[in-house]
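Here come two complexes built around chain A, the first alongside chain B, the second alongside chain C.
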Partner chain A sequence: MFKVNLKKTWNNFTIKVDFEIPLGKVTALFGHSGAGKSSILRIISGLEIADEGMISDGKELWYDSTKQIHLPVQRRSIGFVFQDPSLFPHLTVEKNILYGVKGKRSLNEIKDLISLAGLSGYERFYPAQLSGGQKQRVTLIRALVRRPDLLLLDEPFSALDWEARRQLQEDLKRIIKQLNVTTLYVTHDITEVYKLADKVVVLESGKVLRHGTPEDIFMGKRLSTRIQIVGKVVGIESDSIMAAVTIMHEDQYFKALVDAEEIERLNLVVGDDVVIGAKSSDVIIFKVLTQF
Partner chain B sequence: MNYTSKTSKISTSIISSNNSTRDSLKRFGDKRISDLLVESRNINVHKQRVREFIIEKLVFIGGLTAIVFIALIFIFLFKEGVRAFFLIKPMEFIGTHILDFDDNRVFACMWQPVGEPGKFSIVPLLIGSFLVALPATVISTILGVGCGIYLAEIASIRMREIIKPAIELLAGIPTVVIGFLCLTLLATFIQNVFHTTFRLNAFVGAIGVSLVIIPVVASITDDALRAVPSELREASYGLGATKWETIWKVVVPAGISGITASIILGMGRALGETMIVIMATGNAALVTGNIFSSVRTMTATIAAELGAVPHGSSQYYALFLIGSVLFLITFVLNLIAEIIINRMRKKLKL
Partner chain C sequence: MNFAAPLLLSLKLSLVTTILLFIVGIPFGYWLVFSRIRWKFIIESIISLPLVLPPTVLGFYLLLVIGGNGIIGRWYDTIFNKTLAFSFEGLVLGSCLYSLPFAVQPFQASFAAVDRKLIEASWSLGRSKLYTFIRIILPLSRHGIITGCVLSFAHTMGEFGVVLMIGGNIPGVTRVASVAIYDEVQSLNYGTANICAAILLLFSFAVLAVVYFVNRRFIRTL
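Here is the complex of A and B:
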């Protein structure tokens, strides 16, 4: 269990958080931009230093302000993937992946990782010859090849188009499950939280608002039998009594009828991320629209 | 129940009402405030377009003047340089047969333009120029690139604030002052250390010239390395690399095109440097490979002789030919630099 407890103040912004990252699970750090997600990630990785607090991986202290401990980035067993690809442009895919590998590692193991990410055949390519999605795959493998105790992902797919993103999300889920690596995932995309995370920590202006499973957090309560559609609101049509909400889930459109009051209560507008959930007995199903 | 779209209904009504009012108002020759605003905006847009057009053309002319000047210099230099071939046999620019002390006919490369007959071999001058420029480039590469790496990667902000202006100040010292120091202090020091035959030699000149190029190399290297995205450094740290490993394996290779450019530019500068070499290298046109020997560079020859030469003489045109050769060499160097940089950029997409 990773324990994170930090406080850091910039000119007019303070981060003060305390949360845990369960081993072998994916924890999502969810919040809107400016909530301090990326800063927390940078502090955990050691690229920035907190003012006070403690970071521990359960066995060793990575940072402790009272004991004056600050492990440099190099000594922390981490792997991170940033929003923008950070591949070394002068090295081939293979050399990029092997960059962080100290000593001899069996080449088969690395080959397995490469094929796991669907990159076989690209070993001799330079980053400039790869697509955005492929670059992020290489970055991911490069981070994982060192077998880090903690994988830090900072909105790794936000620069990609929808299709590449979906494919990568699935691959990421598969790879993480297979390698059983503890992951902290920063995102502002609720769909990604639902897809990938076992636990979610909701941040707002530098503070932890809530944490728990995605269902607990975003639906308020657990429904025994439920149907969930996660997506973005693309249209609201309402009169005084009922409202039809159209949401887009990946490339699919769904329409749901709800009370108009509910729309007002939630202050729902086009562009919001929503989860539509209901007991299966209560669901009215519309046929999926692929176009308007 | 009636689920008519609230929003779409509103928007359609706005559009339709808009159209109808506009039509009706037009008929009466009237104008609404919004129409007037649109019109004034159109006038503004028009003004802006005219202004942009003028600025664009001015900038274009600015760019064109640079090309025109280069072309004019090129034409003048070559027009005069080519006429040397009418007065002097082409072979003589490499060497001539002379009689040595034992009256044997030997082939010699000599620059003795005022002798009778004049000897116009540019070989010793080429050797002289490169014997100064190459060591100067090596010295300034080691020190300048090192300095650039220090400035961009290692120096604290405070150190940087002290060192960067100091380096720029070094670039601002008049070359005649550096030449003076080389002639008086450095030459004696070098002779005492290396026990050289010639007090003023290519090596002394090279050190002096490198003082002028180091700031150029350091500052371009600094810029090139600072342009390397910080994500690459952080990624390298995150993969367990130390600061030095990061610098040598990531930052320098990623900024290599800028560093290469700085070195080649520095070499061009070294070949063109005149004042320091005229003061510090001894100006003896010798064919030699020894960097502790006196040499005479192309630039020093032109500077020293052109003012005193009769207009229209063989020597006059020979000097122009030397100028053309120098121009060509620096042109080719810049071209090579450009090609190398473009290739790297394409490969790395930097």
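Here is the complex of A and C:
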């Protein structure tokens, strides 16, 4: 279990957080822009130093202000994927991937990783010849090939178009699960949290607001719904009694009829992230007949 | 007049100066970009002085320092048993100082232009600062490094004031191409001066053109 307890103050902004990152799981650091998510990632990686606190991987202290310990970034077993692809433009895909590999590593293992990311055949390409999605895949594999104890992902898909993002989310989920790597994932996209995270830490103005499973955090345990669709509100039509809320989930639209009062209570507007939930008792299922 | 000897001396001086400035300027440029020392601006100002200072002023103070009674001059005399002023080594020292900003500033600018994310990515992949510098920063700064070397070379080729102040006009030792042209003009040999000047002009243009052409090719391959 990674333990993160840190405090850092800039001119008029303070980050003060205390949370844990379970081993082999994906933890999402969720919050709006300016909540301090990326800064926390940078401090954990060692690219920035906290004013006080402690960061531990469970075995070794990476940072401890009281003991004056600060492991430089090079000595922390991390893989860092930044918001924009940070591939070295003068190196081929293969050389980028092998950049951080020290000592011998079996060719088969590296080939497997390249294949896992769907990059077979691109080994001799230069970053400028790749699409945005492919670049981020290379960045991800480059980070993973070192077998890091902690994978840090800073909104890695934010610069991609919707289709590439969706594909990469699937790939990332598959790769992370297959390699069983402990991951801390920064995002402000609630759909991504649902799709990828086992645990979510909600940040606001540099403080941890809540943490738990995505269901606990975003829906509340009381609902215990069986059907959940996460998406963005793209339309609200309402009269005095009922409202039809259209949400977009991936590339599909869903419409839910709810009480108009509920829309007012939630102060729901177009652009909000929402979860539509339904209890199992409310759900009907039937098989479509193909022969009559 | 035989113009080959002064031209060869200018070439030798430019080459030695460029090599030395490359060796000294690269770590210096790196330090200026990445050091967080507050008084860095003072060092930057000192380096840039030759850009604004009349060469005779720089030459005069250099002469005081490297002359027989100067600190460096006396020290050099004790160790090597010869004077530093009015020698080729003295010219090299003067040229290095005079061309320092022409090397360091392009190096510095190109190092600063390397995307910080790439440097941090290299560190996060477990690579040291030195390894990152050699494998990432240097290759991505090729343009600035070539520019700095070319400017140093060309600037030293055309050097006159400092050379004359600290080197004088000793044939085969300190009479470089620009001083030789000056000599010819003083002797009213405009024809010879014209030929010498034209050779220097064409040579300088050819060197710059070739290097900038190669530089463009480098950039395209990135």
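By our rule, the second predicted complex is superposed on the first by the 278 of 292 C-alpha atoms of A that agree within 3 Å, B and C clash if a C-alpha of one lies under 4 Å from a C-alpha of the other, contacts with A are read in each partner's own complex, and residues count from 1 in each chain.
By definition in this document, contacts are C-beta pairs under 8 Å (C-beta built on N, C-alpha and C of every residue); 3 or more make two chains touch, one makes a residue touch a chain.
The structure displayed is predicted, hence computed values, not measured ones.
A.B. asks: Putting chain B and chain C on the same copy of chain A, do they fit or clash?
C.D. replies: In the arrangement built by aligning on chain A, the partners chain C and chain B clash.
A.B. asks: Based on the superposed arrangement, let me know which partner A:Gly79 touches: chain B (first), chain C (second), both, or neither?
C.D. replies: A:Gly79 sits against chain B and chain C alike.
A.B. asks: Should A:Ser238 be classified as contacting the first partner (chain B), the second (chain C), both, or neither?
C.D. replies: The first partner, chain B, only.
A.B. asks: Have a look and say if chain B or chain C is in touch with more residues of chain A.
C.D. replies: Partner with more touched residues of chain A: B.
A.B. asks: Once the structures are superposed on A, label A:Lys102 by its partner contacts, choosing first (chain B), second (chain C), both or neither.
C.D. replies: A:Lys102 sits against chain B and chain C alike.
A.B. asks: Check whether A:His90 is in contact with chain B, with chain C, with both or with neither, and answer first, second, both or neither.
C.D. replies: It touches chain B and chain C both.
A.B. asks: With the two complexes superposed on chain A, say which partner A:Lys67 touches: chain B (first), chain C (second), both, or neither.
C.D. replies: Neither partner.
A.B. asks: Per the definitions at the top, what is the overlap between the chain A residues touching chain B and those touching chain C?
C.D. replies: Dual-contact residues (chain A): 45, 47, 72-74, 78-80, 82, 84, 86, 88-90, 99-100, 102, 139, 142-143, 146.
A.B. asks: Under the touch definition given earlier, write down the residues of chain A that touch chain B in their complex.
C.D. replies: 45-47, 72-74, 78-80, 82, 84, 86-91, 99-100, 102, 126-128, 139, 142-143, 146, 236-239, 241-242, 244
A.B. asks: With touch defined as at the start, can you tell me which chain A residues reach chain C in the complex?
C.D. replies: Against chain C, chain A makes touches at 45, 47, 72-75, 78-80, 82, 84, 86, 88-90, 99-100, 102, 139, 142-143, 146.
A.B. asks: Quick check on the complex: what are the chain C residues that touch chain A?
C.D. replies: 115, 117-118, 120-128, 135-136, 139-140, 222
A.B. asks: So in the complex, the part of chain B that touches chain A is made up of which residues?
C.D. replies: Per the stated touch rule, the residues are 1-8, 229, 231-232, 234-242, 249-250, 253-254, 256, 347-350.
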